[in-house]
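Below you'll find the structures, each written out as structure tokens.
What follows is a pair of complexes built around chain A, which joins chain B in one and chain C in the other.
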Partner chain A sequence: MSLLEVENLRVHFHDAAPDRFAVDGVSFSMEEGDILGLVGESGTGKTVTSMCIGGLLPRWKADTQGSIRLDGTEIFDCSQKELNEILGKELTVVFQEPMTSFNPVYRIGRQIGESLYVHRKDLSQSQRNELILDAMRRAGLYEAEEISRRYPHELSGGMLQRAMIAAAIVTNPKLLIADEITTALDVTMQARIIDQLKRLNRESGMSILFISHDMHVVNRLCRQVIVMQRGRIVESGLTKEIFANPQHEYTKRLIAAIPSRYSGR
Partner chain B sequence: MKNRYLLTGGILSTLVTSVIVTGYFWTPYSTTAMNAREKMQPPSLSHWFGTDNFGRDVFSRVMQGAGCSFLIAVLVVLIGCFAGVVIGSLCGYFGGTADLILMRICDTITAFPAILLALVIISIAGSSVSNIVLALGILFIPSFARVVRTQYAGIRDLNYIKAARLEGVSVPRILYAHILPNTLPVLVPAMTIGFNNAVLAEASMSFLGIGIQPPMASLGSMLKDSQNYLTSAPWYALGAGFSIVLLILSFSLLSEGIQVSRNE
Partner chain C sequence: MRQIIKKTASLIITLFIVSLLAFLAFQIIPGDPTTKILGTSASPEKVAALRTQLGLDRPVWERYIDWLVSFLKGDFGTSYNYMRPVRSLLADKLPVTVLLTVMSFAITAAAAIPLGIVLGSIRNALADHLTMILDQIIMAVPPFFFGIIACYLFGIVLKWFLPGGYVPLSASIPGCLSYLLLPALSLALPRIAMTVRMLRGSIRHELTQNYVLTAQSRGMPLRAILIRHVMRNAMIPVVTFLAVSAAEIMTGTIIIEQVFTIPGIGRLLVSSIGNRDFPVVQAIVVILAAWIMIVNFIADLLNHWMDPRMRSE
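Take a look at the complex of A and B:
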């Protein structure tokens, strides 16, 4: 059984035209321990897909059809309470805006530990602290104790992004959804975050659904890739093969958009 | 850094609070015992604010009256704030039809003059301190509910709340552990303004004779009684009026000072 199975997912926003679907019949599956890239330009439904997986699309805003199974559990059939059990424990999500993703009134360490507080009430405060510091180090924040006492406004975007990753891995989830997490960062920081994600995947077998519009980053990180355009999957397969031999016109354009040392000559 | 608001506000409110707290346990003279020989004495060393038409020490009565106003105002703000936070947070976070209806009810209450509504409630329920607190408390709910609702409606869509939801945090915890602390910069000033309004409202009600009943001292009823002696014993009116002003001014300055120091 696959870890994540998305079948014929369709999303229609109530304020959109009747025939306009934000996500239009998307199906894919992910094995445990896999890193899957989901690429496409802005507005192709990548984030909407990830929001559906997290059960975050409110019913009054959009209609959803199809099926999403995480580890055999149908997300669309879950009550909010059942969903809260899964979120933060089995499945965690990291967003693209690290600067606004932390509550300004609490220290970083406490916020990283929030999902532990919610899901692991059996742990003592000191055990939780150990896990928090460990997660921070695994996410590449090596001065963990020092940083955990800081407030969000005292840290840089790159540090906050790593703190977000720390918050997402502190409960050792099965699946991490990383939604455009490298987009706002400079190239050096991108490379470090990618290395950290790769290491996390290798060391703890965590599956990662990596959403991006940057083919270069996807190429470095993901074994498999799905290319989306206007709510539909236009191409999918092993990253190597797609890069070597892109079939769809849109994929070719995306690959051509990677800045290269030799382009323009 | 020189924060004059904080300094003056701090000194004044400490002074006022200590006088009020002392007044709960001890006053220089009895607040109710009448003394025909000491009637209408001007301010002197033995009677700082003079005496009233029954020969009672105005300063002692101001101490007790201010204490009463203070206690009522604090309770009113606590009731209004608690209910306002509960209503405002639910309305702001969930929105929808219930939000619409509750906010229109709030509008209706606000559209009515508060004193008039309090008068209605008091005349139905009878005049007692607990009824005054309850009536004013209910009337103060909308002002808090509206402020809190606006804050919640704005903060619920921010990324850190989305992130908390994605960590499986339950709704009550999101409402009161994640969002509530972020509303404090708005809620605290609302509370101090509410406190001032509550002091004024209690004083107005007592002035109109529906608030604290004699022989208990109240700043409002003292003002009312002193009206008749405005020319012969101006210190009576001044003592009561001055203490209302001082009570409100000190806490306004304090809250202003806190806000200024936050922004620095």
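Take a look at the complex of A and C:
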């Protein structure tokens, strides 16, 4: 059994035209320990797909069809209560905007420990603190104690993004969804975050669904890749092969969009 | 800490300017306290003698400095009209107004915060629409109108209380509190409507923020997200607004005390302006200004405590 199986996923927003599907028949699967890239320009349905996997798309906003099974559990059949049991524990999400994804009025440490607060009420405060600091170091925040006492506005974008990763791995979930997490960062910071994700995958076997529009970043991180355009999958397979020999016109354009110093031409 | 000292200093300077303006205003408006004391047919000699006795023949700036020096010493002067020290007059009347203000503010906060939370988090369009229409109506009606309606309905029709039959605090504490309940409520109603609207909007705005999605993605139920994440952010603008409300309620007592014939400083102020009773007016104006500044100061402190972004500026 695969860790994640998405079958014929269709999403229609209530305010869109009747025949316009944000996600239009997407199917893919992920094995445990995989790093899967999901690429495409903005507006191709990558984020909507990830929101569906987390059950985070409100029902009053959109209709969904198809099936999403995480570790055998059908997400679309879950009640909100059952979903809340999975979110933050089995599956966590890191969003694109690190600056606004944190609550501005609380300290970083407390917010990194949020999943523990929700799912590990059995732990004492000091046990939770240990796990928080450990997660921060694993995410590359080595001055963990000092940083945990700061407020979001006192940290840089790169540090906040690593803090978000720390918050997402503090419960050691099976699957981490990283939605455009390197987009707002400079190239050096991108490289460091990618290395951090690779290490997390290697050391704790965490599966990562990596969403990006940047073929270069995906090429460095993911063994397999799915290319999406207008809500549909246009190409998928091993990243290496697709990079070397793209079949679809859209994939070729995405690869061509990388500045030449990356593609080695 | 440095900000607190800076704020306190600016508070004192503002109070000083307010007192000067109030003093000057009385030099500009026509009318003379001697007319009220001696009547319009008094001989010019008698008027001149009284003016000398009250010190009104001296230059304005000299009188202001005199007033300021004795004010700082705690001597607010003597009322021309009652021939009593202003201090003892205020000692009688201020507690009533303060009690009325505190009651009204407590009602505002106790009603508006829970209502705002409920209306901010429900997603029923019809219920929301209807309550907002009602809210708009209550917001638009001035307190004195509620007061008049309350006097008529509960006083004259239902005979639950005797309009104008104020019970002094010294006579009966429950009697005084129950008499003040209706005026406090009249003052509170429009403020409740405004605060509810503001808190509702603030919560709705916060619920669209990304940190709410983050909390959802940790498996936190909506209720817990409201309490643990949204409330503190949503309350930041509301705290400032509540401070404005506390100030407006105190100044609102000036009118509502007339409607319910409550012997507070509001009634005293109105009659003292009519009588050109400078020392009383001057003292009340400074008290009202000080109150407005103090509640704003408290709101600033609360905001600093609630929002770390304000501390690092």
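Note that the second predicted complex is superposed on the first by the 261 of 265 C-alpha atoms of A that agree within 3 Å, B and C clash if a C-alpha of one lies under 4 Å from a C-alpha of the other, contacts with A are read in each partner's own complex, and residues count from 1 in each chain.
Basically, a contact is a pair of C-beta atoms (placed from the backbone, for glycine too) under 8 Å apart; a residue touches a chain by one contact, two chains touch by 3 or more.
Since we're looking at a predicted model, the values are computed, not measured.
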Room on chain A for both chain B and chain C (clash or fit): clash
Partner chain in contact with A:Y151 - chain B first, chain C second, else both or neither: second
Chain B versus chain C as contact partner of A:E114, first or second or both or neither: both
Partner chain(s) touched by A:V105 [first = chain B, second = chain C, both, neither]: both
Partner chain in contact with A:K89 - chain B first, chain C second, else both or neither: both
Colliding region between chain B and chain C, picked from 1-9, 19-27 or 55-63 after the shared-chain fit: 1-9
Chain B and chain C contact sites that coincide on chain A, given as residue numbers: 54, 56, 60, 80, 83-89, 92-93, 95, 97, 100-106, 111, 114-115, 118-119, 164, 167
Residue ranges of chain A touching chain C (in the complex, touch as defined): 54, 56, 60, 80-81, 83-89, 92-93, 95, 97, 100-106, 111, 114-115, 118-119, 151, 153-154, 164, 167
Contact set on chain B toward chain A in their complex: 96, 158-160, 162-171, 173, 178, 181-182
Sites on chain A touched by chain B in the complex: 54, 56, 60, 80, 83-89, 92-93, 95, 97, 100-106, 111, 114-115, 118-119, 164, 167
Partner chain A, residues of chain C touching it in the complex: 123, 209-211, 213-221, 224, 229, 232-233, 236, 306-309, 312
